[in-house]
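Take a look at the structures listed below.
Across the two complexes that follow, chain A remains constant while its partner is chain B and subsequently chain C.
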Partner chain A sequence: MRARELARAMPTVAVDTDAMQAAQLMAAERLPGLIVCREDGRPYTILPGSQVLRFLIPTYIQDDPRLARAFDEKASDEMVGKLARRTVHDLLPKPQDVDELPVVDGDATTVEVAAVMARMHSPLVAVVAGERVLGAITVGRLLSHLLSATSPQR
Partner chain B sequence: MTAVLVVAAFTAAYVLIATERIHRVTAALFGAAAMVVLGVVDTQVAFFSEETGVDWNVIFLLLGMMVIVSVIKQTGVFDYVAIWAAKRARGRPFAVMVLLVLITAVASALLDNVTTVLLIAPVTLLLCDRLGLPPVPFLIAEALASNIGGAATLIGDPPNIIIASRAGLSFNDFVINLAPIVVILMVVFIGMCRLLFRHAFQYDEERVASVMALNERDMIRDRRLLIRSGVVLAAVMVGFVAHSALHIEPSLVALLGAGTLVAVSDLDPPQFLEEVEWPTLVFFMGLFIMVGALVEVGVIARLGEMVTNAVGERFFLASSVLLWGSALLSGIVDNIPYVTTMTPLVQGLVDSGNGSPQADALWWALALGADLGGNSTAVGASANVVIIGIAARNGHPISFWHFTKYGVVVAVVTIAISWPYLWLRYYAFGG
Partner chain C sequence: MRARELARAMPTVAVDTDAMQAAQLMAAERLPGLIVCREDGRPYTILPGSQVLRFLIPTYIQDDPRLARAFDEKASDEMVGKLARRTVHDLLPKPQDVDELPVVDGDATTVEVAAVMARMHSPLVAVVAGERVLGAITVGRLLSHLLSATSPQR
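So, the complex of A and B:
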């Protein structure tokens, strides 16, 4: 199966999209990440959900997650408040490595898609045809396809 | 000619270390390699000579203490103590700062100041987050306190470890001669915190209530390991105090303590080696070889002779110059390479005093100058660099000048208090 057949339509955001809106979109659609596009519609990068969490959770807690015990529900509400007045650009890792994107061509094989995901630790890849975004493949969808292909042999 | 080339290579490496044009470890290794290429250093000179070689007592004392700290870190005791302190202070910002500063100073004296700030900084950020306080003043105060507290003992600050090993001074020598002045300096420093950081003390009743609701016991991750670590650390302290009577070097005490802790814990090597700063240990080795080359070609002996002739019997003058000069230079370059270079020179001066207490006091002038002078700038001491790095990683950048404007005031005041202490204790009444 080719990437274009696995790809599903997926909402995209721009670099200057409000960070709170992007996070809410991810939550509402239960997406593992979002495709971030340039002004001309070409894919710029992927914003994984884990990157949103990296922005929200203080570094010292990421270094030692056991310190998170000192934060209650009210404190977690305050953390989410950090998204206010921020854009998607603020959430992206810095420095931005835009030379290598989790993007595959529509004709890519499933192994190529898996290789890009594994190499870039990305939960989804954008599928493009030229400069047009065809959709995206999530890691869940890819694994479902790979497992369904192997299950009859067991 | 060789001596000139050795001095040139030493100076070049020193400039690279001071200006941080390249990583200090790389610069020290380049310096050491240059000494080998110049034919001054061979394996005997570098590894086995007590006068010119790597001081393995320093390396293994640091290694042992770093392993001990790695194990203690796994218990969560620092997080427990910090939250306990915040609750004890009832969330009042200045009281929280005082307790954190005291904990940092005491822990720095018992462990070492660099690892102490590594352990206390994350929980300080947590407390400031929860109390709605700006973390930068608290982090700066802890770095400054770690350098003051670390001055009290042989193991508290890397310069003291180097001085002790090179001068043959015991743990008790440091406690008897430096701990009294460090207690006074800490009292003064706490008063200074009230003035210097007065804008940081904002009280938010609602946030304080949330901190008071925390249970510090939740922070303890391994109660059994905590008890075992406490027992071993106490035994290590007894070992340090009694090392002269037991005829066992502090480095071996630390290694035995580290080995015992590893044996009684179920930790894997990555865990008990987590806090070992290999770059720092390699940096020390490179420095020792660089300075050893100066000794080998006779530069240190000639300099020592000149200084000894200039000083004569005027040991208080030498002590004053050493105290203030060390403080000044430690602010410009890291105090570790400074003290490594100075110990052979001071040794010559002390030897010229034929065991008089006035001459011996030069060691305390060097230690106080280097330790307290390390506070004067952001790059003066390793603890400062570590704190600034942690702050930056957590989105609270501290600029060189921001740190320095507090550090220089604290350094000048603490040195100014140490000066009459040295005079009164060792010179005013003839020792």
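So, the complex of A and C:
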């Protein structure tokens, strides 16, 4: 089994997509992350949902989440307002924080997909063929394949 | 809105649950992780799916996923066999790797939940009330709440 056979379609956004639109897409589809493409459509990276939160939540509260208790609903609305007039590019981790990406080639074996997820602690990898995004594989789907291959049914 | 209102039921396992059973549960329900409870039922930690893969995949392949190409289907089956006669406890990261857990109190505010997810890069937090697990909140659900609160519909 190759990565291209396990991949499922997943919405993609571009680096210049409106940040609020991207967050709303993730929220509406209950996705743990989105595939981000370059302006020319080539796959670029994954935007994890937790990264959107890292952009929204003030650093001092990330450092000590108990301080969030001083935030009322109005302050919380203002925080989400930080997404206005921003793009996906603004949400992504700074390049120096990212040395590699959870992206595999369509020909990758399931063990290779598992190795990339394990190495990067990622619940999701994007599957690409050259300059085209084929879809994504979640950790649940990959485990399901790895385990069913060893069950007596097969 | 408090964490207890956003939490949804999620299957839990115990530290002494059979490792293969836990992996099969994650696979069958397509979950990105499981809540792990102590033998006495008190919440203990989260087992992310990627951690199961870290247990299965040999370290040298995690270090260089391209080496996975030398793995055939039979080797892959043997790898999954490592789950036999193991418990969830064996899959968890060693205590020295974990300084805190993605767990919040039922009374936590949504901003506090967001801060914990952001800080820990976690797509999921467990919600507890004292010694009881109330459920879990995914990043998609949290974003959905944070964004809808600022939309004109409300």
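Definition applied: the second predicted complex is superposed on the first by the 136 of 154 C-alpha atoms of A that agree within 3 Å, B and C clash if a C-alpha of one lies under 4 Å from a C-alpha of the other, contacts with A are read in each partner's own complex, and residues count from 1 in each chain.
The rule is simple: contacts are C-beta pairs under 8 Å (C-beta built on N, C-alpha and C of every residue); 3 or more make two chains touch, one makes a residue touch a chain.
Computed from a prediction, not measured in an experiment: that's the story for all the values here.
Overlaying the two complexes via chain A leaves chain B and chain C side by side, clear of any clash. Applying the stated contact rule after C-alpha superposition, one finds that A:66 touches each of chain B and chain C. Residue contacts after overlaying the shared chain place A:123 against chain C, while chain B stays out of touching range.
Greater residue coverage of chain A by touch, when chain B is weighed against chain C, goes to C. Of the two partner chains placed around the shared chain by superposition, chain B is the only one that A:74 touches, whereas chain C remains out of contact.
Chain B and chain C, viewed from the C-alpha centre of chain A in the overlaid structures, lie at an angle of 80 degrees when rounded to the nearest 10.
By the touch criterion stated above, A:31 is placed in contact with chain C alone, chain B being left untouched. Once chain A of one complex is fitted onto chain A of the other, the partner contacts of A:54 are limited to chain C, with no touch recorded for chain B.
Closest CA pair between chain B and chain C after superposition: 9 Å apart. Comparing the two complexes, residues 61, 63, 66, 69, 71, 75 of chain A contact chain B in one case and chain C in the other. Chain A makes touch with chain B in their complex at residues 58-61, 63-64, 66-67, 69-72, 74-75.
Interface residues of chain C facing chain A in the complex, by the touch rule stated above, are 20, 23-24, 26-33, 48-54, 56-57, 61-63, 65-66, 68-69, 71, 73, 75-77, 79-81, 104, 108-112, 114-123, 138-144, 146-150. Listed in rising order, the residues of chain B touching chain A in the complex are 76, 79, 83, 121-123, 125-126, 129-130, 210, 213-214, 218-219, 221, 390, 393-395.
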